[in-house]
Structures are given as structure tokens and as C-alpha cells.
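Take a look at the structures below.
Shared between the two complexes below is subunit A, which pairs with subunit B and subunit C, respectively.
Up next, the complex of A and B:
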């Protein structure tokens, strides 16, 4: 009985210590993730403005942003932007990682160089590419014109569809290096024996890629896709620096309006409502992506 | 058993150790807290510190002016400068004031003054320093209107400028056109002609949804037609799509669709576009002419000039940017307020009988000043003659007026800008944009009544 009692105390004591051990981490998560989110939800159902007395608003803020003139258009634009940029980014990252996963002269230098676009702050990238694509004096038009490819300069940033294409291109340029690095890290963790066994079985290059590489990096691909979807849905600084959201509002994405509602129009309630909607859309998309991924892939288990 | 005993003891010790550590930590914090509450040892009197917030323009000049100010007062003041990008200034200041980030003196515009004043973030200068009123007689009317709210003088001008119609006079003459247009319709004819001559696009406008100046540029163009946003009660005057505002918006749509006008998201890019020699006309804040006509920054320097704003009235928008003292400075006490006044007077008023800083901005950067005595300053006259046509500038300045500024104007302009750029690019109909803006103005008036 004494031994059992001691064991019980020991178990309780260990559990008690464990709670203390994880308490700092839990506190940090609560302070920096949970609290802001709950506060955003709270703000989204209230009149929150530095110029107006606070009041309960119910769902009026949600109604205001959903019925606003910009909401549907900017949501559509954001979804197009994300749907176009994410697959290209991931495919390009996969291709580049596959190339860098080989030994060749200068491979280490190339691996460092490929990170360069990602290392440049996005707003700076926007300014650089603005100079490149500028319709009046940009380098691209000059190159194409001198090469005789175009008869006259093209308004890359001043034509709505072209500006959208440019923004997607630059988003891919800024994002694919990080995707490459993550996928490359996953590829380098694949045991060499698997490739040797596949080779002995007569698998060619493509077969090894599809039956060895791809299944082994599923978890990382899932993470990269989710990360890039979130980057697409919340993109803001790139369009701000590259096109100023124009021409018209052709490249103005939903995240700009979250910012504009809160800080430009001083309606933190509307801004919070928009942020909550954006977070919910992100969550739905993440869950949808996770549904498409074979069970266990994220924890490295076998396909269910 | 011994193993269990050992682990049990070990675990108890761990928990006790943990609690001891927590106790020691709490005790340390308590001691630190008590120490914090204890009277601070007397510190030697140092310079009075001031936090000065500006938007990012001419930072080197500002820093040099600060240095000269500090030297002029034997380093009795230490000014800390923080600059914020122009496009984010309004919201950054809102965040700054809301979070009570130290701010003693800041730049402000007439369009944001009512909002900042109503929120209690900036204070009337004349309430604390009645001598500020002595400057009123030296300030041009549209500027005075912009720095006054509810009949009180809130600041002194940093610079005052007009939005002007600018063009490359040399290229225009070479193309065979005698002079700038009188009306917007005549301008369309000229743009078509110029496009035929290879100028593509013949006109560039600084228009972007995320750029505050977009609203200024549109307002100035519509003022040329005699348009106005609000009456004295801040009821909309623009709600007829066939009125001057609607007409100007339609003009932009038609000329954009015809490829005669392009929209560029920043004034520096508009300047570069003009310097390609492919574009003749623009509408910008007048100080841009100084950069366009400076050999150091422009390959086509000397070719640009000002024309009267096209339209029936040729009116344009005039405005003042100002130095404001904040409530936070007031809260810091009389010593800080006195420092603020000395600083504002040095930067915006007279020091040793001269408008030294305003004159410097005018001579070096072509910034308008709105200080009547400076119009007769020989250095200013000489510098301005190199940048602008003084006769047309004077005429255009006399036709400038400031916008009416309701307390909710900052919010309205953000909303209206979205409608203006959407309509101007043909995304929504002009009627729809005008109706949305009108409804929003009415909502805001009711909400903020």
C-alpha cells in the first residue's frame, strides 16, 4: 500500500512538474496567438474606432464588409492570384530542388544563390521589378524592343490583365527559393538505399522520381503548399510596392482592405471582421488541402 | 524500491527547487519594483528632448535644419527625428497616437487636421502660445484655411502648394501645338494629335488606389471645371454625375480607354515617364516642376513649365502642410511645450526676423511656402524663376482654394480614392462611383454628427 501510494504521488508529482514545464510555452501561445485572435473576434462585433464611442455592433461589421463595393472583386482577385501563384511556385521549387539535389561543380554556391530572391525584402523586390516592367522606361520593354520582338512599348503595369500576370510572376520569383530549400531538405533526407534498390529493380529516372522521391517528400510538399497558400491569401506588400494596387484596383488584394479599413478608414471593427473572414477562409483552404493529402503523410506515416 | 525512492526524492527536490526559484524570482522582481518606485537620484539637467515625426521627404535637409536649430539654442534641445513613408503616414500616425508612442511635434495636413484634432491628438497652438496668431497676417488664405480648425489656429505651415497642370513646353512647341489647352475637351484633341505624332502616352497621371495624392490630383482637375466636394454644412455637392466631378471622372475614363492617358502610381515615376520624352502633360503637386527643371535630376531640365488648369474656371487645389504640437507634448509639461513652440517657430516662423527654413525649402527644393513676405524675397524669386513661370504660377496660385475639411474627411478620402481609381480604370461606371461616394459622405456625416 505504501509503495502504491508513493507511486501515485510520484505520478502526480511528475504530471505537476510537466504542467509547469510547458506553462511558459502555453503562455506564449495564448499571449501571441490566442489572445489576438479572440480580440479580433471581439473587435469584429463592436464599433471600434478612435473617433467614435465603443458600442456593440453584432454582425453589422460583417454585413458592411461583405456587401462593400470591393469585397467580392478583391476576394476573386486574391483567389486567382493564389490559385495561379501557388502551383507554379511549388512546381518550380520541386524542379529546382531536384536539380540542386545532385552533385556538380558549384552546387553549394548555386544553393546559396538560389535563396537570393527570398532574402530580398518583398517591398524591395517590388521596387526592383517595377523598374524592370515599367511600360515607359522599363528594362523589359527596352530588351524586347531592341530585339525586334515588340513593335512598341507595352504597358505591363498599366494594363489590368498584364499587371495581374506581372504580380503573379514576381510573387513566384520571391517565393520559389524558400519552397526550393524546404523541398531540397526533404529530398536530402531520403535514404540513398531506396534509390539503389529502385535502380536494381530497373526503375528509370522518372520512375525513381515518382515512386521514391515524391512519396518521401509528401509531408514537406503539404507544408510548402499550405505555407504558399497563406502567403498568397495574405499578400500585401508586393502589390503595394509593384503596382500600388492598380491599374484601377486590378491588383488590389483582400489583405489591403483589411489594412485600409482598420488604419486608413479608422474602422477597426470592419477591419477585424475582414481579418476574421480571411482567417476562416485560410483555415478552410488548409483543411481542404489536408484532406487531399494521404493520411499520415504529415507525420511521415504510410498512406492510409 | 530504492529506485522509486530515489526518483520520488528527486522529483520532490525538483519541485521544491522550482518553487524556490520561483520564490527567488518573485523576490527579485519585488525588489526591482521597490527600487523602481524609490525616488530617482537627481540627474544633471540635460537638453529637453523632442520627438519629431515627419513623412519621408528631404530627410537630409530636415536633419541639417534640426542641427542648426539645436545650435541656435545652445543645444538646450535634443530633437529625435522619425520619418514615415508618405503613403502610410495617416495610418501610421493613427497607430502612433492610439498607442501613445512618444510624439511631440509632427507634420500634418489640412485634410487630417479635423480628425486628429477631434480625437484630441493635436492641440490648438494658439491656446498655448497666443503669439502664434501674429503669423496669421503673413499666411496666404488657402493655407490659413488648412491650418485652422473650428476657428482655431492649430499649427504653422511647413509648406503650402498648389496642384498644377504641367507640360513639356519644348516638345509641345516642336510638335506644332501653340500652347496648353484651355479646356479638358481641347486637351483631348491635343492628346489625340500628339499620339499621332508618336507621343505614347501623351499624358501621365499619378493615380493609384493606395496613394493619398490621387485624391488631391483628381480634386484639382475637377476644381478646374468649378467642381466642389461639400458645401459649408459638409453635404455633398458632387452627387450629380453630370456635374464637374462626374464630368472629370468620365473624361479620365474616356481618355484612359483611348490610350491617351496612363496612370502611374508615384510622382517620381511620373517624372521619369516625362523624362522619356514620350509624354507631354501631367497634373502633379507644383513642387515636382522643381525636380523636373533641375539639371541634376532631370535630363530634360528647363523644358517643363506650368499651364493654367484646364476647365471653365481654371481653379485648382491649394493646401498647406503644417507643424502640429501634440497632446502628448502638453502632457509632458510646460518645459516641453515651450521647446515645441521654439521648434515650430524656428521651422515655420521667423528666427532672427527671417523665415529661414521655409526659404530654404523654397530655394533648394521649390516647395511652395504660402508666406506672403517670401514672395518678395530675392533668393526665392531667383530660384523660382528657374523652376516655374512666375507669371502663370502667380495667376494659378490666385485661383487656388483649399478643400472643405469635415472631421471625417480622412476616412472619406480613403473610400473615395477607391471609387475614383475603379471608375477611372473603367472597372465601375462613373454614376456608380459618384453615387457610392455621395452615400458614404452622407453616412459619415450622420455617424460623426
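Up next, the complex of A and C:
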């Protein structure tokens, strides 16, 4: 009896420990995630212009946002941007990981080098590439001209379609290192025996890639793809620093549009409505992630 | 043996192309930071026409205005004081990022241990609430954060940035540490419990020393994210008292008074801390991920 009483007291004290130990983290997250989120929903259904008295707006902000031609354009641009940058990023990540998974002279140096774009703040990457692509004196124009490839300088950032291509290129540059490292980690976890067995069966390099490597890293690829989709849909720093959303509104993606609506137009109500829409789309993506990750992989049922 | 040759050729060709893609813009930054502005603006291009200079770096650190017209450029004779704020902005970013790292060590490991080892009600929902909260796009939280910070009177303070960045980095830290803590053999902790340690004591005496590489890795990762963050830095900071490096560099780069050479020099300086940190961060991160059994 005494032993059982002691045991019960022990488990209770352990449970109490658990609660106070997670409390700071939970409080921070609730205070700065749930509360602001509810706040955003609240202000999205109100008139919150600095010029007008606050009032209930119902779904008018949403209506104003969704029917705005600028909104539709920025959505279209964001979709094109994401649909172009994600496959390229993942493919380049896959190729780079395959490359780094081999032994060659200078492989370690290249591994460190690949991390560089990831380590540089995205906003600063935007500035760096703006100088590289500058239409008047940028390095790319100068190099192409000196090589005799172009007869006169090209306005990379002042021609709408080219600017879109530039933004996609730089997005790939900033994103592919992370994809590479995740994919490489997955590749290195593949047991060597699988490759040996495939080699004995006479599989060539490509066959080994398609029948051994690819199936083994499928789950990681799914995670990488969805992560990159999220990064594409919510890209902000990049266009702010690289193009300022221009020329005109050619590279104004939905995040930048939301920011401009809130903090340049000072229309918090519309901005909040936009933010809620953006978050809703992202939440759908999150649910997709949860479907793809096996439950036990993140938190153990038995051990916990 | 022609096949082997082909593969080798593709490997090295790929490595060279990759290196060029990664380094091209960075090489341009470094080069233009030591070129006179006149050389940069020259058409047809001839970058080495007027030799190399270090006046841009000199100006940022000592405030000595470049005198030669070659440096300031024919069109742009003005020079902005804003660039001289870069060293201070690095310090601001450093203070904020370091504090965020400490918060992550403390709050992160405290929260991760119960998730890894203890049994309590609503464990899985709380875990998902925390880890998934980070996936809401930050732009969606920008207005409420701004208004909350304003209401608390914390606009233009380090505290506001430290709090926000901690919230943004903690979910990832907790996820990785939980995975890592679960990978530690249970027997060691059980021995400590038999000796009468409660969970907190077990964490401090047994788990933290064992998980040190992963702790350092996630801490440095939080440091890097905070050091890089742009949107909230832009919204919350208003003076050089708190302005962070990404914000200063973005405004410098849009400032028509600042020559490209000067912008390049300030970027080159601003990148040094990140470049120093990238290798250790990555080594610890990969180790933490692999050992944690994410994969």
C-alpha cells in the first residue's frame, strides 16, 4: 500500500514537472501566435483606417480584397513564381545532393560553399543580386558584353518578364542549399547493401538512382517540396530587396502586396483580410504536410 | 573505362558550374567594394582601368570621406552617413540574436524534455500547436505584432525583437531537441531517477551534457535566423539604437546617395559574422537531424 501511494505521488510530481517545464514555451507561443492570429481575424472584419472611426465591416474587407484587380494579379504572379521556382529548386537540390554524395577532389570545399547562399540573409541576397543584374553597370551585362554575347546592355530588372525570371533565379539561389542538405542527409541514410544488391543485379548508375535512391528519399522529397511551396507562397524579403515589387507591379507577390496594403496604404483592415487568406492557404499546406509525415516519426506514442 | 571517364567529367563539370552559380554574385560584391566607382560605371566595361582602392572600407570605419573623384563617381558626389551605421547595426543584430539564442537554450530544452520523455495530458496537441505555429506566414502576423508591441510601448527596443524572434525560432528548436533527447539511451536517465532526481534535475545533470552538440546546433540556428530576419526588423525598429543589419543594408541599398562600391563594402562587412558561423551551424544541425532520427 505504502509503495503504491509513493508511486502515485511520484507520477503526480512528474506530471507537475512536465507542466511547469513546458509552460514558458507554451505561453510564448500562445501569446504571440494564437492571440495575434485571432486579432488579425478580428481586425479583418472591421474598418481600421486611420481616417475613419472604427466600425464593424463584416466581410467587406474580404470583398474589397478579393475583387481587387491588384489582388488577382498578385495571386497569379505568386502562383507562377511558386510553380516555377519550386521544381527548379528541388531538382537542383537533388542534383547537388547527388553530386555531393560522390567523392571527388574538392568535395569538402564544395559542401561548405553550397551552404553560403543559405547563410546569407535573404534581404541581403536580394541587394547582392540587384547589383549583379543591374541594367546600367551590373556584372552580368558587363560579362556578356565583354564575351561578345550581347551587343548592348539588357534591362534585366526593368523589363517585366525578365524581372520575373530574375526573381525566380534568385529564389532558387537562396533556397536550393537547404533542399540539398535535407536530401543529402536522406541519401546518406540509405544502406549501402541496397546499392550493392542492385549492382549485382546489373543495375547501371541511372537505374540505381531511379530504383534505389529515389524511392528511399521519397518522404524527404515530399517534405522538401511542401516546405519550398510554403517559402514560395510567402516570399517577402526577396522582392522587397531585389525589385521593390517592380517594375510597375510585375514582381509584386502576395506577401509584398499584403505588406504594402497594410503599411504603405495604411489599410489595416484590408491587410488583415489578405493576411488571413494567406494564412488559410498556408494552413491547408500544413495539413498536407501532416498527412505526409508518419505520426510516430515526430513524437513517440509509447515512449512518451 | 570510357564510362568511368564520362561520369568523372560530368561530376567535375557539375561542380564547376555549381561553384560559378554560387560565387558569381558574391565575387561581384567583393570586387566592386574595392573598385573605384568610375571603373564600375565605365562603358564599355573595363573594371581594372583605375586600379583597386580601399576607400570604401576606410570610410565606413573611420568616416574619412573619399576625396578622389574616381571613387565617388562622376554623377554621385554625395555620400550618405547611413553607411557608417553598419558596424552599429551589426552590433544590434548580434545583441538580439545572442539573446534569442540564450532564450532558445533555456526555454527550448526545458520544453523539449517533457515532450521527449514524460507523459502528460494533451501532449500531442500541444506539441503540434507549438511546432506548427511557425508555419503561419509571418506577414500574416505583422499587423498584430506591430500593434501589440506598440501597446506595450516596446517599439524601437531590443526586447520586442528578442521576444518576436524567440517565438519564431522556438518551435524549430523544440522539434529538433525533442527528437534528439529521445535518441539518448533511456537507461542513463533511469539510473538518475533511481538516485532520486526529478525530471528537471535529470535534464540539467544528465540530458543537457549529453545533448550538448544538438543544443549548440539549434542555438546557432536560432542565432542565424534572428540575425537574418528582415520584416519585423523593418517594422519594429525606428532608430539606429535598434536597427538591425538586414534593415540597414536594405535601406542603404535603396539610398541614391550611396555609391554601389560603398554598398558592396557594407555588405561584405555585414556578411563576415554569418560566414564565420555557417560551418559550425551546419555541422551541428545535420548531426542533430540525423541523430534525432528524423531520417
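Going forward, the second predicted complex is superposed on the first by the 237 of 304 C-alpha atoms of A that agree within 3 Å, B and C clash if a C-alpha of one lies under 4 Å from a C-alpha of the other, contacts with A are read in each partner's own complex, and residues count from 1 in each chain.
Here, a residue touches a chain if its C-beta (ideal position, glycine included) is under 8 Å from a C-beta of that chain, and two chains touch if they have at least 3 such contacts.
Worth saying up front: this structure is predicted, and the values here are computed from it rather than measured.
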Partner chain(s) touched by A:264 [first = subunit B, second = subunit C, both, neither]: first
Partner chain(s) touched by A:137 [first = subunit B, second = subunit C, both, neither]: both
Touching partner for A:248 - first (subunit B), second (subunit C), both, neither: first
Most subunit A residues touched (candidates subunit B, subunit C): C
Subunit B versus subunit C as contact partner of A:240, first or second or both or neither: both
Which superposed partner A:160 touches (first subunit B, second subunit C, both, neither): first
First (subunit B), second (subunit C), both or neither touched by A:4: neither
Which superposed partner A:19 touches (first subunit B, second subunit C, both, neither): second
Shared subunit A contacts, counted only where both subunit B and subunit C touch the same residue: 13-14, 17, 130, 134, 136-137, 153, 240, 244, 259, 262-263
Touching residues on subunit B, where the partner in the complex is subunit A: 1, 4-5, 7-8, 11-12, 14-15, 18, 87, 90-92, 94-95, 97-98, 115, 118-119, 200, 204, 207-211, 262-266, 269, 272-273, 276, 278-279, 407-408, 410-411, 414-415, 418-419, 421-422, 424-428, 436, 447-448
Sites on subunit A touched by subunit B in the complex: 3, 6-7, 9-10, 13-14, 16-17, 20, 50-52, 69-70, 73, 130, 134-137, 152-153, 155, 158, 160, 240, 243-250, 252, 256, 259-260, 262-267
Interfacial residue positions of subunit C with respect to subunit A in the complex: 7-8, 11-12, 14-15, 18-19, 21-29, 31-32, 40-45, 47, 106-108, 110-111, 113-120, 123-124, 126-133, 135-145, 147-148, 163-164, 166-167, 170-171, 174-175, 178-179, 182, 186, 198-200, 203, 224, 227-231, 235, 245-247, 249-250, 253-254, 260, 263-264, 267, 270-271, 274-275, 277-279, 281-282, 285-286, 289-290, 293-295
Touching residues (chain side subunit A, partner subunit C) in the complex: 13-15, 17-19, 21-22, 24-26, 28-29, 32-37, 39-40, 43, 95-96, 99, 102, 104, 106-107, 110, 112-132, 134, 136-139, 141-142, 145-146, 153, 173, 181-182, 185-186, 188-189, 205, 220, 230, 233-234, 236-237, 240-241, 244, 255, 258-259, 262-263, 268, 271-272, 275-276, 278-279, 282-283, 285-286, 289-290, 297-300, 303-304
